[in-house]
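Before anything else, here's the structure in question.
Note that the chains take the letters A, B, C and D in the order they are written out, and that residue 1 is the start of every chain.
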Amino acid sequence: MKTDIEIAQHAQKQMKPIVEIGAKLGIPAESLLPYGHYKAKISATYKNSVSKPAAKVILVTAISPTPAGEGKTTVSVGLGDALAKLGKKTVICLREPSLGPVFGVKGGAAGGGYAQIIPMEDINLHFTGDLHAITSANNLLAALLDNHIHQGNILNIDPRQVVYRRAIDMNDRQLRFLTSGLGGKTNGIPREDGFDITAASEVMATFCLSRNLADLKENLSRIVVAYTYDGKPITAGDLQAQGAMAVLLKEAFDPNLVQTLEGTPAIIHGGPFADIAHGCNTIAATSLAMELGDYVVTEAGFGADLGAEKFINIKCRKMGLNPSATVLVASIRALKYHGGVDKAN
Amino acid sequence: MKTDIEIAQHAQKQMKPIVEIGAKLGIPAESLLPYGHYKAKISATYKNSVSKPAAKVILVTAISPTPAGEGKTTVSVGLGDALAKLGKKTVICLREPSLGPVFGVKGGAAGGGYAQIIPMEDINLHFTGDLHAITSANNLLAALLDNHIHQGNILNIDPRQVVYRRAIDMNDRQLRFLTSGLGGKTNGIPREDGFDITAASEVMATFCLSRNLADLKENLSRIVVAYTYDGKPITAGDLQAQGAMAVLLKEAFDPNLVQTLEGTPAIIHGGPFADIAHGCNTIAATSLAMELGDYVVTEAGFGADLGAEKFINIKCRKMGLNPSATVLVASIRALKYHGGVDKAN
Amino acid sequence: MKTDIEIAQHAQKQMKPIVEIGAKLGIPAESLLPYGHYKAKISATYKNSVSKPAAKVILVTAISPTPAGEGKTTVSVGLGDALAKLGKKTVICLREPSLGPVFGVKGGAAGGGYAQIIPMEDINLHFTGDLHAITSANNLLAALLDNHIHQGNILNIDPRQVVYRRAIDMNDRQLRFLTSGLGGKTNGIPREDGFDITAASEVMATFCLSRNLADLKENLSRIVVAYTYDGKPITAGDLQAQGAMAVLLKEAFDPNLVQTLEGTPAIIHGGPFADIAHGCNTIAATSLAMELGDYVVTEAGFGADLGAEKFINIKCRKMGLNPSATVLVASIRALKYHGGVDKAN
Amino acid sequence: MKTDIEIAQHAQKQMKPIVEIGAKLGIPAESLLPYGHYKAKISATYKNSVSKPAAKVILVTAISPTPAGEGKTTVSVGLGDALAKLGKKTVICLREPSLGPVFGVKGGAAGGGYAQIIPMEDINLHFTGDLHAITSANNLLAALLDNHIHQGNILNIDPRQVVYRRAIDMNDRQLRFLTSGLGGKTNGIPREDGFDITAASEVMATFCLSRNLADLKENLSRIVVAYTYDGKPITAGDLQAQGAMAVLLKEAFDPNLVQTLEGTPAIIHGGPFADIAHGCNTIAATSLAMELGDYVVTEAGFGADLGAEKFINIKCRKMGLNPSATVLVASIRALKYHGGVDKAN
């Protein structure tokens, strides 16, 4: 039996240029911003001018998770491929993986076996740089905040009440809790600080729940970063940070187009964790997919009781979405595991 | 008089697709990995098979710097454009800017006025993600190091003698000196720590002085990160980190092709600071430029006494390079400034 | 109406030399180690050789406390004075105050009004130096522990699992949580650390619950200070610290003799907090008082549900004590306060 | 040959009660505040009413120090004993040792062999509590300073510019550099902080250079503890700390009377380090000794080039003192050592 990587590397040889995948959805080459020959961002300026019936959105979720994962992504990819094989204009919408877990135990987030998104390796590494942009925007806000306090602190921010955390796209426990601003008068203000993994950052959640760039900027400005000595909240907007943050996120905000092993278009965009955030791909990507395809297969992180709830109650409300169907993945392994069978079986 | 940005934005309309720029140098489209339509990485697999005389390398340096900069980059771009206008096959080789100073006082590193590299805004923001990749690789090593200590410290590393620092592509004084690994037993090991700006990081210097991927991996493995309790040095190789670091850097290691306002090919790759590191673009880029063009115009950071010395003594020795000519920029303003005239004049 | 201090300062003029107070209890001058003319330590070498019936111990406790205190100490002093006036050989046994709260809101711990122990000011300041000695012994153990880790850590102590805290006889919130051992290789090992007020320190509790110097040394050696990387407890004894600690505590371990305003002998010795520790004076003092007097009036901190419980269940068991009577102080103010009447009334 | 401790312990048996030593100098018993039977503080209220010629002050210093010490103290004690044997009314004036080095390599500061001050063990441990009082006063100021910042910081103090350090009477490298005020909003303000050994503290120097309690209070109020955000110095006086500090120091400020093995009166008071501070006993003690005796033998720490210079230029100027003679100790060992002979010889 071949490993995922062997399958992916073999398939790579038959990968179609991304302009061909775009063409399947009617996107002209000039509206695709290529990243190499097999990945592209779909320009925010692109609008589908052809009228068509509303897309049907299918949510893939699962029963309670197991340590090995549930098979949601492979089911999503397989279902998308199947619909495409039936001749339906189908778009698969998934989250993009963070670098962090890639170097950890779990492996990437692009499916597995013959139900994969490719080029897998690229997707699992830097991809089109979205997570780097989100990390930068997140940390720019932190730097502006600390710089504000350092430069005289006109807003009267209490350094002990900074609630905003820095981000890094890496599993690095060493940075979770730290004291920053040491080294004397010229090197910031001493305070308790810390890094979250980018997928768990405030900017990632904001990025995924914004409808367009203007909405993103507005939402960024409302992030609460600290409290004043007299208990008033301070937002990114109070620091006038949202403009520079949006500049850093502008390119990243365009959804990413790739393909399955069978050539079905897949939009991979945004990757918030499902435990700490809401665990779905971006509203921008799902909206665009609905504009492009007749069937949109998407996924919500973790089990139905957590991820699907968040999908329905947060993402759907936010974008006015009514999914047409929900697939509940219940693998034999998960049923056995939750029924008390030993993990090793 | 138009501002740099106005000139750049106007020029953007006449920008040539990057495949046309590549074609000027004989690079086929399939050897270019596009990032949008106006930036590309030149694939490491590309080799110029046409025999040609050895390229002449022209170094642009300057007298002692002034706060406003010397004009080295504008001279480099202007000289490159002039040689191209004379019909010479010319490649300009410059450093890529870090995000950090972009949001600071100084502005980007892509020239100015009519002697600019475009698309300026892209170059000054995420560009093709090289600095993000370098930041990631740098921080992966730090995370592996701290994880090694946390997991039992078989190498007997003294946490007080970690000499390797984390990196962030941002001007953030708050992170210069910190205590990391706080928060109890499960969150790392308490130690004094800190971040440098990516342009000043160890991995940036290593990246720029490596001849090819194999050499990069070897050089990465030799980075000293800490000392043991009994004073022995510990390298990235001791932590077996170089493989994963090289994976993160693989794509970034391909040089980036862009153009001047006049359509002259420019390779922008690597951006070490000239004070703390050696201040020149990558050996990989300069070597490739020499393979592609007849004239290569390049630049060394800071004044001749610092940057040009480092170029000659470090980079030239490392790659076996003999520059054919050196241009010494001596602006009227710099002469006046160093002659004691008030800065405002 | 006179303030406590006015009363105390007036009474000071009629204070009897401490040798006279000692003589009331049959202690010869050579067994008293004077601290000035009105305070003395009773030498550990002193033994009452006259046989007498077993002393009756009266515990003074109170209903739930109010912010202003309950009046336990004034009742104890008053009751002692009354018994003495009836011709009973009486000794009052109380805790000695820590410096900390003296400079805070609450005031000292030597009673009030005409039911005071004097010289009040001395007692509330350094007194005979017991709290300083306890602070020193506590911090010596901390220094030996950190020095052990610094010098090679043969015991394999995990600096993240140090559970022993430093002590200071002061209300200083700034020292509660800190990172110590910063400043590079020669200045200790970075770790999370902190200070407790001496009254809440481990050594204070140990000091008060030890029967004699040998028992003290044994108990000190059993203090758990940290855990190894593989989870084994490390004690003061493993660090061979108990000897030096006992040297620092030797003089302090002798109980302190002072007097009430009416000249009744009072032994003031040991001052653990009642919330975090057991809240009674030393076993050494109570035992000596029972040897010297026929009636011993003592007090347990906080309310009956906390302090008296601890007195009965911890101190009495430890020293084999059966109190003959318990006085429960229930002031009108406390009854009203707990009945819901506004604090101001 | 007997060790210092054996000699001291043997001599202890022949020690004279401190009232007898006081009587030699004409001090009545009521002006002595005894600490046990062999140590006393001389009350600040005591004034010698008998007119007598001005005392002659003899300074004992030495050539450059060796690791083992120079013999200054043994010479001082021997010289004092000799003068006394000649029938001269002599007082020896020395520094009191800190606890810190006692548990380190060097041993105490009370002389050695048959030229010792006794009771040696008491002097080397808590003695009469002076160092504890100085430590408390020093740390009270630190606590008041941090509390001021914590409570609203009306004085606009920059926590990064606190120059005042805490003190502990112990060799504890772990506390030299730390970050304090961690643990969130209720536990102070995060800042870089640290402890000095008490002998090197600001309050120790101030204590030793003050002429009387009023002068001490005034000098304490002038200690600079921090700077404001706009660079103005903040003193203990700005924090109104000097009153409470002086209360803590009041008793300690009375000089301590002990004796040599031969019964010569010795006043041991104040113990600043000679490298970081001025290295002599208190002005109060030297003044009192001059009032009491005809010959006063005193000592300055370290070599003549450091300690004697500081004695002459700082202490003598401050108290208007003209020493009558200087003894320069030049041991054979020191001469050999500085002449290049191996340390072991």
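Methods note: a residue touches a chain if its C-beta (ideal position, glycine included) is under 8 Å from a C-beta of that chain, and two chains touch if they have at least 3 such contacts.
In this text, all values refer to a predicted model and were calculated from it rather than measured experimentally.
Looking at subunit B and subunit C, no chain is in contact with each of them.
Chain centres here are Cα averages; for subunit A and subunit D they lie 66 Å apart. Centre to centre, using the average C-alpha position, subunit A and subunit B are separated by 29 Å.
If you average the CA atoms of subunit B and of subunit D, the two centres end up 60 Å from each other.
Along subunit A, residues 179, 181-182, 189 each make contact with two or more other chains. Every pair of chains meeting the touch criterion is listed here: A-B, A-D, B-C, C-D. Interface residues of subunit D, counted against subunit A in their complex, comprise 152, 158-161, 179, 181-182, 184-185, 189-192, 229. Chain contact summary for the complex, subunit D toward subunit C: residues 30, 33-37, 41, 99, 103, 122, 125-126, 129, 132-133, 135-136, 139-140, 142-143, 146-147, 150, 166, 168-183, 186-189, 193-194, 244, 247-248, 251.
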